[in-house]
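What follows is a structure written as C-alpha cells; I'll ask about it next.
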Amino acid sequence: MISQLAVQGAQMLVVLLLAPLLIGFVRKVKARLVRRQGPSVIQPYRDLVRLMRKEVVLADNASWLFRVTPYLIFAATWVAAALVPTFATGLEFSWTADLIVIVALLGSARFFQALAGMDVGTSFGGIGASREVMIASLAEPAMLLIVFSLALVAGATQLSTVAAFMGSPEVGLRVSLGMSLIALVMVAIAENARIPVDNPATHLELTMVHEAMILEYSGRHLAMIELATFLKLLLYMSLIACVFLPWGLYGASAGPKALAVGAAAYLCKLAVLAIVLAVFETAVAKMRVFRVPDFLGAALMLALLGTLLLFVSRSL
Amino acid sequence: MTGFSFDAVAAILFIPAGAAAILAAMPNYRMTATVNVVASLLTLLAALSLFVTERPAPGQYLLVDDLNIVFIVLNTFVGFTTSVFSASYIAHELETRRLTAPNLRFYHAMYQIMMFGMNLAFVSNNIGLMWVAVELATLTTVLMVGIYRTHEALEAAWKYFILGSVGIALALFGTILVYMAAQPVVGEGTNAMVWSVLIEKAAHFDPALLSVAFIFLLLGYGTKVGLAPLHAWLPDAHAEGPTPISAVLSGLLLNVALYAVLRFKLLLAASPQAIGPGPLMVTMGLTSLIFAGFMLYRRRDIKRLFAYSSIEHMGIIVFAFGMGGPLANFAGLLHMVMHSLTKSAIFFAVGHIAQVKGTQKISEIRGLTESHPGLGWALVIGVVAIAGLPPLGIFMSEFLVVSSTFARHPWLAIPLVFGLLIAFGALLLRLTGLAFGEPRGGMAPVEASYVPMYSHLALVFAAGIYLPAPLVAWFQHVAGILG
Amino acid sequence: MNSTVALLLCGPAAFLASAIMAAAASRLAAATRLVYGATLAISAVLLVTAASHLAGNLGEASATLPLGLPWTGARFRLDGLSAFFLVVVNFGGTITSLYGLGYGRHESQPHRVLPFYPAFLAGMNLVVLANDAFSFLLSWEFMSLASWALVMAHHRDEANRRAGYIYLVMASFGTMALLLAFGLLAGPAGTYAFDAMRTAHPDRFAAGAVLVLMLLGAGSKAGLVPLHAWLPLAHPAAPSHVSALMSGIMTKVAIYGFIRVVFDLLGEPAWWSGVAVLLIGGVTAVLGILHALMEKDLKRLLAYSTIENIGVIFASLGLALAFKANAMPSAAALAFTAALFHVLNHSFFKSLLFFGAGAVLSATGERDMEKLGGLIHRLPVTSFVFLIGCVSISALPPFNGFASEWLVFQAILRSPELPQWGLKVIVPAVGGMLALSAALAAACFVKTFGITFLGRARSAAVERAHEVDRWSLAAMAVLAAFCLLAGILPGFVIDSLSTVTLPLVGERMPVQMAQPWLSIVPIAESRSSYNGLLVLVFITVSASLAAFFIHRFASHALRRGIAWGCGFPDAVPAAQYTAVSFAQPIRRVFGGFAFRSRETVDMPAPGALEPARLKVEMHDVAWEVFYQPITGAIDFATERLNHLQFLTIRRYLTLVFLYLVILLLVLALWP
Amino acid sequence: MNGLTFDIAHLLAGSLVLISFMMLYQDRLFALINVFALHAVVLALSVAWQAYIQDAHHLYITAAIALVFKAIVIPVGLHRIIQRLGIHRDIETAVGIGPTMLAGIGLVTLSMVLMLRVTPEADPLAREDLAFALSIILLGLLVMVTRRNAVSQVVGFMSLENGLVLAATGAKGMPLVVEISVAFSILIAFIVIGVFLFRIRERFDSVDIGALDDYRGERR
C-alpha cells in the first residue's frame, strides 16, 4: 500500500521533472539535425525559472478567469500525465481514471485555454481559440476512436489492463492496431501543436494557433502554461510508449529492481520517440491551417477504419 | 296516443308553430326577440320532458326513439341559446340600420318556423313527412339568408335556393323509390312510408330499388349536409346571412339532413343484398374532409372560413357513421354533438367580432385577445376545440375515430389523418392572425352576450374531460342501433 | 386508489387550480409572486413524493378516476420509470418557479404567462402519470397547448407568432402519429388501457409500425432530426424560464413517452429497431450541435444544443434496444442507465444555461451574442454559474455531463458481443458520431461563453448591465451545485436508477455505492472505472499545490497594461472575434455537407476604398428537403382547388349532375 | 291488369321521354317553352290515366294542376319574361346539340339498365314508369346544366319535376302526391318570380361572381 502510494507519488514527480528535459532534448536534437549547436538540454528549466521571476503584465480587461486558467490547465494536465503508466503499471490511483477520462482531462485543459485566449478580447486570442477548437473537434473524436479500437482489442479502457494486454503474446500483429498507432501519432502531433499542424517556435501571429491563445500570458502564468504543454508532450509519448511499446513494464507492486528496469526502459523509449519526433519535424514543413482538417480527417478515418477492421482481423 | 308524452311531442311542434304565428302578427317588434327566446326556451323544456315521460307508440306520422331524442334535445338547446344570442345581435343590427322593424318580425317568425320544421323532421315517422319538414326548414333558411337584401345576400340565397331545390327533387325521387320498394311488401298506402314499419320489413325489399333510392337520398339530403361536391351553397349562405342563422345552419340544419341520411342508411343496412351504404358515406366523408381542409387556406372571409370548417366536420361525422361499428358510431354521435355546440359558439363570437370590427375580412381583424379579450379568447378556445385539441370534446371523438379506423382499415386512416392535419394547419394559421398580433380594426367595447358562447364552450370542455355514465350508456345504445 | 398516486394527482389539480387563480388575478401586482410561489410549493411536494418513491423502491401503484374515456376511465400509474421522470419534471418545476419568482417580474404582460405556466406543469405531470392511451394523449396535447400559449406570450412579435404556429402544427402532427401508434396497440377492440396493451403483443409488422410512429410522434416533440425544425423557433420564443422548461423538461417528457411505449408496452424489440434509433440519434446529435455552432442567437444556440443532447439520449436508448433484443440485459441496463442519467443531467445544465441566458436577456435586453461580450465583469455570479453549465454540457470531468457520456461510451464498448454484423459495425460508428458531437459541443460552448461573457463589451447595453436578482441567482446556483454533485457522485444516481432499469430491461447495473472511494465501475474494475470525486480532488490539490508553490517562490509583481494588438493601440471592440467568425473554421470543415454553405469574397481592386466583403450563404437542409416541398404542395393544391369557390351555379349543378351520374354508373356496374 | 291500360300508360310515359329529347334539341327559347307546354300536357294525360286505372280520384287534381299551371300559366309567364328581358333571339346552349343528344341517350340507357335490375315481382307498370321517370329526371338535369339561360334552366327544372310527378303517380296508392305536386308548383312559381324579380338574364348568378369577391375579400 505505502509502497504503491510512493510509486504513485514518484510518478507524479517524475513526469513533472522529466517534461522540460524531454522538450530540451527534442530541441537539442532538432538543432543538431540542422547543424546548429542549439541551447543546452536543460534550457527549458532555465526558461521556466526566468518566467517565474518576471513580473506579470496583465491586459486591462483580463478577468479572474484569465488568472485562474494557468493553474487549472497545469493541474488538469499534470493529473492526466500522472495517471498514465510510465515506468510501472497498476498505479495506486490508476482506477480513478481510464483512458477516456485522460482524454477528457486534456479536453478540459484545452477548454479553459481557449476561453482564456478569448478573455482579453484581442483578435489573436480569437484566432487561436477558434482554430484550436476546430483542431480539437477533429482530434478528440479521432482519439476516442483510437481508444475504442484499443478497448475493443483489450476489452478494457483501463490503461494498466490495456498495457498488460498489449504486452501479452496473444496480441499478435493486427492491421487495425497499426492504423490506430498511425492515427494516434497524428493526433499527438496535432494535440501538442507540433509541426506540421502548428509551429511551437513561430511568433508570426497569423500562423499561430497555440501561441496565439497564450499571447497575452507572461511571467508565472506563462510558466505554468509552458510547463503544462511540456507535460502534455510527455503524456502522449508515455501513452504511445505504454500502449505500443509495452516492454519492461511491471506492476507497481513489483520490487524496486523491476521498477528500476522499468524506469530505464521508459527513458529509452522516451529518447527514441523524441528523436523520431525531431527528425520528423525537421523533415516536414508546416501546413496551412485549413489543410489541418484534412490531416486530422485522415487520422479520424484511420481510427474509424481501425475500429471497423477489428472485426475482420479478429475473425481471421 | 294519449297521456302527457303526446303533449311533449306535440309541444315541441306546436310551440314553435304557434310562436311563429304570434310573432308574425305581433305589432310591437321590440318584443319579438323576447318572445322568440321564451318560445325557444319552452320548446327546449318540452324536449327535455321527453326524457322523463314514457314514449308514445310509433304512430303513422310521429315517432320518438332513442336516436332522435338525441337530435331533438341538441336541436332545441342550440335553438334556445342561439335565440338568446340573436337577441343581442339583432339589437345591434337595428342600431346600425341593417335591419328594419318588419324585417325583424319576419326574421323571428321564420326562426320559429324553421325550428318547427326541424323538430318535425326529427319526430316524423313518415319518410314523406320528413321530406316535407326538411324542405320547409331549408326554404325558411333560404329566406333568412337573403334577409339583408344586399346584392351578395340575394345572390347567396338564390344559389342556396336553386341548388337546394335540385336537392329537394332528388330526395323526393329517392323517397318515391323507397315507397315503390316497400309497396309490394307492405302494401299500398301510408304504411309503406312509415319508417318503423319499413325498417322491420326492409330485408324483403327489392335491393336494386333500394340502392338507387339510397343514391338519390344521399345526394338529395347530402346537398343539405354540405358534403363536397354538393356543398356549393353552404359557404355563401353562411357568409351572407345573419350570424345567428349561420350558427343555426352549421349547428342544426346540417344535423337534420344528416339525421335523414342516417335513417335511410339504417334502412339500407337492413337489406343485405343492397349496396352497402358504408363505402359511399366513407368516400363522401373523406372527400369533404380533405377538400374543405384545402379550401380553408385561402379564405379571406371569417364566416366563410368557419363554414368550410363545418363542411370538414360533416365529412368526419359522415365518415365515422360510414365506418360503422360501436366505436365509430359512438364517435360520430359525440362528434356531431360537439361540433354543433362548438361551431355555434364560434359563430356567436364571430358575429360580435364582425359587428365590432365592422368587417368580415380576416385580414382586417387582428389581435382580438388584446382588443376584446372576452371575444378573442372565446374564439381561441372555440377554434382550439374545433381543431380537435384537448381537453375539449372533439378531441375525444377524433381520438376514437382515428384510432378505431387505424386498427380496422389502416389505409383509410392515412387520408383521414392527412385531412385532419391539413384542416388543423389552416384553422390555426387563421387563428394566429385573428387572435394575436398588433390589434387592428374597431376597438370599441362591445356589449356581447357571453353566456351562450361560454356555456357552449363549457359544455364542450366538460365533455372532453368527463362524459356522465348515463349519457355514455345512451350514446352506446344509439350507436348500437346505428349498427 | 393508492395514497401516493392520489397525492401525486392532487399536484396537477393544484396546478390547474392555481392556473385558474392566475387567470383571475393575473393583473394584480402580487400575482407573479403568488403563482410562482404556489407552483414552487406544489412541485416541491411532488418532487419529494416522487423521489421518496424512487429511492424507497416502492414498486408500482395505480389509480383510476371516472374521467376521460368512459369505458376505460382515466388510469394513472406510478412505477420506477414514471417516478424518475416525475423527479425530473418536478425538479425542473421547482427550480424554474424559484427562478420565475425573480425573473417573472420583468414580464411585460404577466397575464399571458401566469395562467399557462401552472397548466404546463400540470400537463407534464399528467403525461408521466397517465396509464391509458387517452389520458396520455390528452395530457400530452394539453402540455403542447399550454406551452403554445406560453410561446405566444409575446405575440406582437411576428417571429413568435410564426414559431407558435409551426410549433403547434408539428405538435399536432406528432400527436396524430402517437394516436395511430396507440390505435395499433389498442387493436380493433379498442382496449386503450396500457395494462391491456402490455399483455397483448403486436405482430412483427405492427411492432415495426409502432416504432416508426413513435419515432415520428415522440421524436417530433423531442426534436429528432429532421422533425426538429420547430424546436429552435419555439423554445427561444417563450420567456426564458419557460424556454428552460420546454428545452430541459418537456423534451424529456417526450423521451418518457418513447421509453414507455417502446420499452414497456411493445414487448421484445427487433434488433433492427435498435439500428434505426441509433442512427437517428447519432445524426441528430451531430447536426444539432453543428447548427448550434453556427448560431449567434444565445437562446436559439441553446435550443439547438438541446437537439444534440436528445440525439445522444436516443442513441444510447437505441443501444439499449439493441442489447435488449439480443438478450444482453446487463449491457442493456448499462446503456439504458446512461440514457436516463443523461436525461437527468441535461435537465440540470440546460435549465441552468437557459436561466443564464434569461439573466443576460433581462440585464442587457440582448439575445444576439454579437452585441454582448465582457459580461464577466458585469455579471460575476451569473457568468460563474453559466461557466459551470458550459463545462458540464461540454462533457468535461469532473462535471455531470461527462459522467453520463462516459457511461454511454462504456456501453458502446460492449458492442463486440452483439451477434449481428450490422450492429457490430454501426455501433462504433455511432460512437464516433457521439465523440464528434461531444468535441463540437465543447467548441460550441467555448464560443458561447467566450463571445457572451469574455472579451470586451460589443454594445452599450452591456455597459449598463447589472447583476440579476437573488431568486434567479439562487436558482442558478442550486443547478450549478447539482451539476457538480451529479458529476462527482454518479454512483448514487446510478443506484437509484436501478428500480427503473430492472423492470424495463430485466437487469440493473451493479451496485456502485459499495465501491471504494465512491468510484463507478460499470462492468469490472479491471475493465474500466471512473471516479469523479478523486479527479476533482486531484485537480484541486495539484492546482493549489502549484498556486502555493508559485506564491511561495515566484514573483508577485503584476502590472496592468493594454493588450497586444500588433502594435495598434486599443483596437475597437468590433475588432474582436465574433460568434460567426469564431465558427468559421468549423464551418469550413463541416458546413459543406451539413449546410451546403458557400463563401464568396469580393475583394476590391488594390487602392479602391470600398471594403472587402465576405458573403456566407448557408441552407437549412432539413427545412428545404422536408418542409418546403410540403408547404409548396399545399399551396399548389389550395391554389387549384380554390377555383371551385368561384364557379357559376350552372357549373355547380354540373358537379352535382356528374356526381349523380357517376354514382348511378357505379351502381349499374355493381355486381 | 289488361294489356291495354298498360300500353297506354307505357305510351304516355314513353312519349314524355321523347318530348324531353325534343327539349334537348331546341335551341330557341320560345320553341323550348312550347315543347315544355306539350310535355306538361302529356304529363297531365298520363296522370289522369293513372288516376283512372288506379281510380284514385285525388290524382285528377294533380292532373289538373299540371294542365292549368304548367301547360298554360307558366309558359305564358315565361313568354312575358322573355319579351321583357328581350332575350328571345338568344341561342343559349352551352354544349352543342349533338353531344347533348348523345349524353341524353346515354342517360336513358343508364336509367333503363338500373331499373331493369329491379326484380320482376315489382309491379311491371311501376317498373316501366320508374325507368321513364328516371330518364326524364336525368334529361331535365341535363337541360339545366347545358343551357346558359335562366329561363331554359327553369324549364329544365320543371321537366325534371314532371318526371317526379310521373313517378309519384305511377306508384300505386302513394300518399301526399297531390300535396307534393302543389308544393312543387309553388317552388317553381318562386323560381320564376325570382328570375323575373332579379332580372336574371344570362345565368342564375345575378352578376359575375368576381365582382362580389372584392366585397367578400375572397379575391386573390
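We call the chains A, B, C and D, going by the order they appear; numbering starts again at 1 in every chain.
Definition applied: contacts are C-beta pairs under 8 Å (C-beta built on N, C-alpha and C of every residue); 3 or more make two chains touch, one makes a residue touch a chain.
Because the structure is predicted, anything quoted here is derived from the model rather than measured.
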{"item": "Selected pair, greater C-beta contact count between C-D and A-C", "value": "A-C"}
{"item": "Inter-centroid spacing, chain B versus chain A (mean Cα positions, whole Å)", "value": "78"}
{"item": "Whole-Å separation of chain centres (CA-atom averages), chain A against chain C", "value": "35"}
{"item": "Centroid distance [mean C-alpha coordinates] between chain D and chain C, Å", "value": "69"}
{"item": "Chain B-chain C separation of Cα centroids, rounded to whole Å", "value": "44"}
{"item": "Chain D: positions in contact with at least two other chains", "value": "114, 117, 141, 144, 204-205, 218, 220"}
{"item": "Residues within chain B bordering two or more other chains", "value": "158-159, 162, 166, 212, 298"}
{"item": "Set of all touching chain pairs, with the criterion as stated earlier", "value": "A-C, B-C, B-D, C-D"}
{"item": "Chain C-facing residues of chain B, complex", "value": "158-159, 162-163, 166, 170, 211-212, 215-216, 218-219, 223, 229-230, 232, 235, 275, 280, 291, 294-295, 297-298, 327, 367, 369, 384, 387, 389-391, 395-396, 399-400, 402-408, 413, 417, 420-422, 424-425, 428-429, 432, 436-438, 464-467, 469, 472"}
{"item": "Chain D contact footprint on chain B (complex, rising order)", "value": "128-129, 132, 135, 151-152, 154-155, 158-159, 161-162, 165-166, 168-169, 172-173, 176-177, 179-181, 183-184, 188-190, 192-193, 206, 208-209, 212, 239, 298-301, 304, 360-363"}
{"item": "Contact footprint of chain A on chain C as seen in their complex", "value": "373-374, 376-377, 387, 391, 394-397, 402, 406, 409-410, 412-413, 415-416, 421, 424-425, 428-429, 431-432, 435-436, 438-440, 442-443, 446-447, 449-451, 454-456, 517, 519, 525-531, 534-535, 538-540, 542-543, 546-547, 550, 553-555, 557-566, 571, 573, 575-577, 581-586, 588-589"}
{"item": "Contact footprint of chain B on chain C as seen in their complex", "value": "66-71, 133-134, 137-138, 141-142, 145, 152, 155-156, 158, 161, 164-165, 168-169, 172-173, 176, 179-180, 182-184, 186-188, 190, 192, 634-635, 637-639, 641-642, 644-645, 647, 649, 652-653, 655-656, 659-660, 663-664, 667, 670"}
{"item": "Residues of chain D defined as touching chain C within the complex", "value": "94, 107, 110-111, 113-114, 117, 138, 141-142, 144-145, 147-148, 153, 203-205, 209-210, 213, 218, 220"}
